[in-house]
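Before anything else, here is the set of structures, which you'll find just below.
Same chain, two partners: chain A is paired with chain B first, then with chain C.
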Partner chain A sequence: MSERTLNVVGKSVPRRDGMGHVTGKTVFVNDIRFPDMLYLKMVRSSVPHAKILNVDFSAAEKVPGYVRALTHEDVPKNIYTILTLIGVGPDEEYVLAEDKVRYIGEPIAAVLAETEEAAMEAAAQVRLELEELPAVFDVEEALKPGAPILKEWGTNYFVYEGHHCRRVRFGDVEQGFNEADFIVEDRYQTSPIEHAPSETTGCIAKPEADGRITIFSNTQALFFTLDNAAIILQVPFQKLHLVGGTVGGGFGGKVDVIVEPISALAAMKTNRPVKYVFSRQEEMQASSSRGAWRMYFKDGVTKDGRIVARKITTYADAGAYNRHTPYAVTKHAANIAGPYRIPNVWIDAHCVYTNKQPGSAMRGFGVTPASFALEMQMDKIAKVVGMDPWEIRFLNAYRDGDMKPHQKVVEDATLIEVMQAAAQLVGHDLPENLMQMKSGNGKEA
Partner chain B sequence: MSVRIVNFTLNGRNIDVMVKPLTTLQKLLREHLNYTATKTGCKQGSCGSCTVLVNGEPMVSCLLPVEDIVGKNVLTLEGLSDNGDLHPIQESFFELFAVQCGYCTPGMIMVSKALLDHNPDPNRDEILDALTGNYCRCTGYEPIIRAVEESARRLNLAGEGV
Partner chain C sequence: MAKLKGVGMAAVNYPTGMNLGGDPSQALIHSTTTGNFVISLSSTDLGQGLKTVIAQIGAEVLGVPFDNVLIDTADTDTGPHCMGTFASRATHRVGNAVIQAAEEARKIMLEVAADELEISPDDLETDGQGNIRVKGSPEKSINIVDLALAAHFKYGRTISGRGMYMKPKSDVDPETGKMDPDSTEAHACTVAEVEVDTETGEVTVFSLKSAYEIGRQVNPALVEGQIRGGSVMGMAHVLYETTHPYYPEVDHLPTGFSDYVLPGPWELPEVESVVLEYPSVNGPYGVKGLGEMTANSPIPAIANAITDAIGVRITEIPITPEKILRALEEKENVSN
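Our next item is the complex of A and B:
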């Protein structure tokens, strides 16, 4: 196809949803109201780790407008894990807490009332008797003997095919270190980040005359939500009808399945529409954040700048539950050796549980912290070897046909071409030998 | 406390509505009158998504009790264009991609309207100052700033034509 026949590429195309946004006609979930609608508010843990001794609703029941509460006993399949649909297990997160809580903000009971104010008041009147347990907040502390244990299976790590971490083994790193002139080691760390979408997470579940439940949601993952909600509620998928697509900011923070199953359950139990929208505090404190990561690098490098061995040990802080972190760690392990041609690579990437709000998806999750650590490390290698940081990357850049450490052959590599274009854009003159390099054919130009 | 009748002008129309004392203007607009362009990002006065104009001044409606709007003129995004055509500020936001998820857009447009009513030719610092109470998580603000500049240009051109 010639460029002349393209009718979109190179042109500015108006946003399909833009007219609704500038006129205020776009309908977001919290703009929807139905007659007889109930409001759901969550009773949450105020401590990071505790046994639940008692939950007393007697004061809440006296609040005018109180309708009913839901506890774990009301949830057909209370223990779940979001990624069960791609074979991740075992189930380990509680829709509503049973005998323990494992992070501040963990949901314990849902309260339904006639107005939002009554629901907030009734939730505040639920008396919790909690016996605090020792908590752990650091990924490496969580793996030490004697650490407080979060999981019923007796450890604080996710198990990958029988292993305590996601492992990558390629070549022989110890042999590589023996061949190296320099050993370059460092530790890198990233912090959790809250997505802070302008619109908080929320949904409305509405019982229909035909027995189905319509769920209006601002989820980023409608089908994911449909499937997980049906599994938690133990109903056929076609019993649920998800309506959405309008998301007031997501960034990955709205791909977990948090508000819909309990709202649909509440709608089924009361036969009334139920609205459950996070307050700003809940969005900050209880919604998933970008997880925190700690990454250790040990690289073997020759005098002429070639990386001959890379050994990496990393820890993802999943917080108290999986959400999307087991998957993030796998992506992380596949990417953290970088777009470089390294003959010997050894990676141990751990998915670790701590008593913090769960981490989950956010814009390139798993890979973004890897890229940060990796490229800091590349700059450090350049400094140690005494080479230009551009040159060290060109020299080690992978080419078509190279085998990546996780056993994928590189196809359509463009690292060299992207760096050449980037250098031009920032006005950096590259030496002629670097400008002549190409990614193609697995051969240097 | 018993309900009372509140009288005010909304987008040029006289409104009498019965509400409980201390009901916020945000709740009145959205839940009593179904004017939902005014958003609910934080309900604590820190995000600006619920901004409306009261007698021409931008106010966060989530912190404004209805007692304070009695007899006043309230303008929401729904009332910005009265003949079906987009207002030049709406046009500029739409054409210059100053909207992404759209949730901050109503508040952004209303503070821009207040700015340009008072100051038809603002410089960049004055635009930043006007927008500073309004939070956007998608755009990085630059397209919004450009849209306000373009809005000023279009409004001034239209003014010259009159």
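Our next item is the complex of A and C:
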């Protein structure tokens, strides 16, 4: 770029869609209507783990406005995994459940009706015969011998290139513990949370006269959705046309591909537009959550406050299916040692399946729990060593040129600078030597 | 019983871009006959203001007014591929693609202007107000509307450009975890001031004061929006929210916002921030990803502030009044 004075970059021009959003003029997916549109509602499991013995539609069929139902037998490629497009496998989630359900809210059958009310009523009238199976909810219980097994491959964990977890090995952590004056250990646990977007996940699939299907969607990733839907439907990619771009809050929850494939299938089967929008309860119970994480830290620290070894074992609670959790675990492993220079690091990060609503992507993808745990741990280290919480972070902060545990050289470090700026903002006086520190040589704002 | 005050801090990093890369985004630009520039994308705006930020970047490179840049997104028939809006990637990836496309279009725009003004393209500059003028002789200029008309109807040229940005995919070494996961790192430090009521276990967050370093702000008001929203989202994660109140058990799942607790207007703390800019090497105008990070630093900062207030560490979130009361009870039992 030429060194021109900037005209508009750096200026707070008003957002173009802001007025539409606050006056209700913006058109979201749920605002779109077609005259002959059908409504799709899902029949879901009420139990966390069960064999499906029978699904009886006879009462549902009597509901006025009922059109038809879809089961796994209607889905061309019923078993999939979202990340197949970037080489993560194997396929393991069911578009519609086959012989088993593995979490409360798992979709079993889709019901189509002329009105939303009829679709809800018909879905409620579908009689399920389920034989409950022992369920496992705790990540560490799920890895013990004898635990109920969720996966066809016989374990409750994702396999990373032959390993039962994502590993990071840097330096010699045991040697580091030998050099340490203090060992600081703790366990940290986060809870699953909901993305809570203003607009719930949804789409409308509309058959066109030329044989293609237009899908109006609030997905965060249009081509990702198109590609996955085409694979599930076993149709050529050019058959699908995704339209979107205006989303009422995503936070990662709309990177999954849940509503579009089944809606497009329903549109193809009925040759009518089909709307499938999650209720708030579905958004909370059946769509992905931010999965919970359990993290164990063991740090070796010297008397002068230097962290010389960090050993971390963590467990991501993926719930019943992959969604994006295997990938989140890798990102987690790259970040959980923190923005600190530590010569010896050992990380085992597990992706564990339990009988829960799947976790998936959410703002902070594997890093949010890591930051929570390690920044609480830093305060604990400060207390054990008898240092100020600010000073312990300055002392260990990474700088440009340092090597991270995943063997990437640090090049854009500004941890020291944000701590200096925050201290100034709150009027916290830092010693002069800390205020003089820099992350890089000659680094200037 | 007492109301105990506490202060806590936390400092975090956050990576920009889809983990391990391999996540391309493209942009196409063309001018209409009327001097508008259309940027075609398939990227989604989640409410954070991507459409506005991308128009700003396009206008900056083209050297034309912001209002003359239109964003056409998102349609998989007409918009070139975008991996999606996630991983704090959109402004970085799409912004870079738009810069490349806009530079190509700008070059053609200046060539056409050079033909009209009978001068070398190297002697021309844009004024950002809709005119292309001769350096040193600003009275000699052409308006972009006249220029677009000339390009279409006199010279038969398209003023257009193609752009793409991709960080090549990095593979992870399964033995050591060696990998290149991100394009750059943004940083944040938050200081939280809280008060804990030992009678009820309730936590009041007085303030979240933070410093962020995000490379470059394209639109400071939208940055502020992310900071405010993220700060409260982080506060909600550490104090209130759970889809599984009896985790890991699956009882009492939430059905709506009446039983899934989010902070309301009464709970909002004072949010104050400063933003530092140390431009990244590979971001558009030095941008780093901001969106996700803003929710992260408040979580441990508030947790550490609670520890400071009550002298007990609670390492499971959300830190509910029940957990605080149990922790205080345990502390008392130990000291007795």
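Note that in this section the second predicted complex is superposed on the first by the 432 of 445 C-alpha atoms of A that agree within 3 Å, B and C clash if a C-alpha of one lies under 4 Å from a C-alpha of the other, contacts with A are read in each partner's own complex, and residues count from 1 in each chain.
Going forward, a contact is a pair of C-beta atoms (placed from the backbone, for glycine too) under 8 Å apart; a residue touches a chain by one contact, two chains touch by 3 or more.
None of these values were measured; they are calculated from a predicted model.
Participant: With the two complexes superposed on chain A, say which partner A:Y353 touches: chain B (first), chain C (second), both, or neither.
Facilitator: Neither chain B nor chain C is touched by A:Y353.
Participant: Check whether A:V247 is in contact with chain B, with chain C, with both or with neither, and answer first, second, both or neither.
Facilitator: Touch partners of A:V247: chain B and chain C.
Participant: Does chain A have more residues touched by chain B or by chain C?
Facilitator: Touching more residues of chain A than the other partner does is C.
Participant: Please work out whether A:I104 is in contact with chain B alone, chain C alone, both, or neither, and reply first, second, both or neither.
Facilitator: So A:I104 only meets chain C here.
Participant: Between chain B (first) and chain C (second), which, if any, makes contact with A:R33: first, second, both or neither?
Facilitator: first
Participant: After superposition on the shared chain, which partner residues are touched by A:G24: those of chain B (first), chain C (second), both, or neither?
Facilitator: Only chain B is touched by A:G24; chain C is not.
Participant: Let me test your reading of the model: by the given contact rule, A:M419 touches which partner, first (chain B), second (chain C), both or neither?
Facilitator: The answer is second: A:M419 touches chain C but not chain B.
Participant: After the superposition on A, what does A:E375 contact: first (chain B), second (chain C), both or neither?
Facilitator: second
Participant: Please work out whether A:R15 is in contact with chain B alone, chain C alone, both, or neither, and reply first, second, both or neither.
Facilitator: both
Participant: Of all the chain A residues, which ones make contact with chain B and with chain C?
Facilitator: Looking at chain A, the two contact sets intersect at 14-15, 17-18, 21, 196, 198, 246-251, 280.
Participant: Provide the residue numbers of chain C that touch chain A in the complex, in ascending order.
Facilitator: Its residues touching chain A are 8-15, 19-20, 22, 42-47, 49, 51-52, 55-57, 59-61, 63, 66, 71, 73-77, 79, 81-87, 99, 128, 169, 172, 174-182, 184-185, 187-191, 209-213, 215-222, 230, 233, 236-238, 241-244, 247-250, 253-257, 260, 262, 272-274, 276-278, 280-281, 285, 288, 291-293, 295-297, 299-301, 303-304, 307, 313, 315-318.
Participant: Which part of chain B faces chain A closely enough to touch in the complex?
Facilitator: The contact residues of chain B facing chain A are 30-31, 34, 36-44, 47, 49, 76-78, 81, 86, 90-91, 93-95, 97, 99, 101-106, 109, 135-138.
Participant: In their complex, what parts of chain A are in touch with chain C?
Facilitator: 1, 6-18, 21, 48, 86, 103-104, 137-139, 160-163, 166-170, 186-194, 196, 198, 219-224, 226, 240-252, 254-255, 280-281, 284-285, 289, 292, 317, 327, 330-331, 333-335, 338-339, 347, 354-357, 361, 363-365, 367-368, 371-376, 378-380, 389-390, 393, 397, 405-408, 410-415, 417-422, 424-426, 428, 443-445
Participant: How about chain A: which of its residues touch chain B in the complex?
Facilitator: Residues 14-15, 17-28, 30-31, 33, 195-200, 246-251, 279-280 of chain A touch chain B in their complex.
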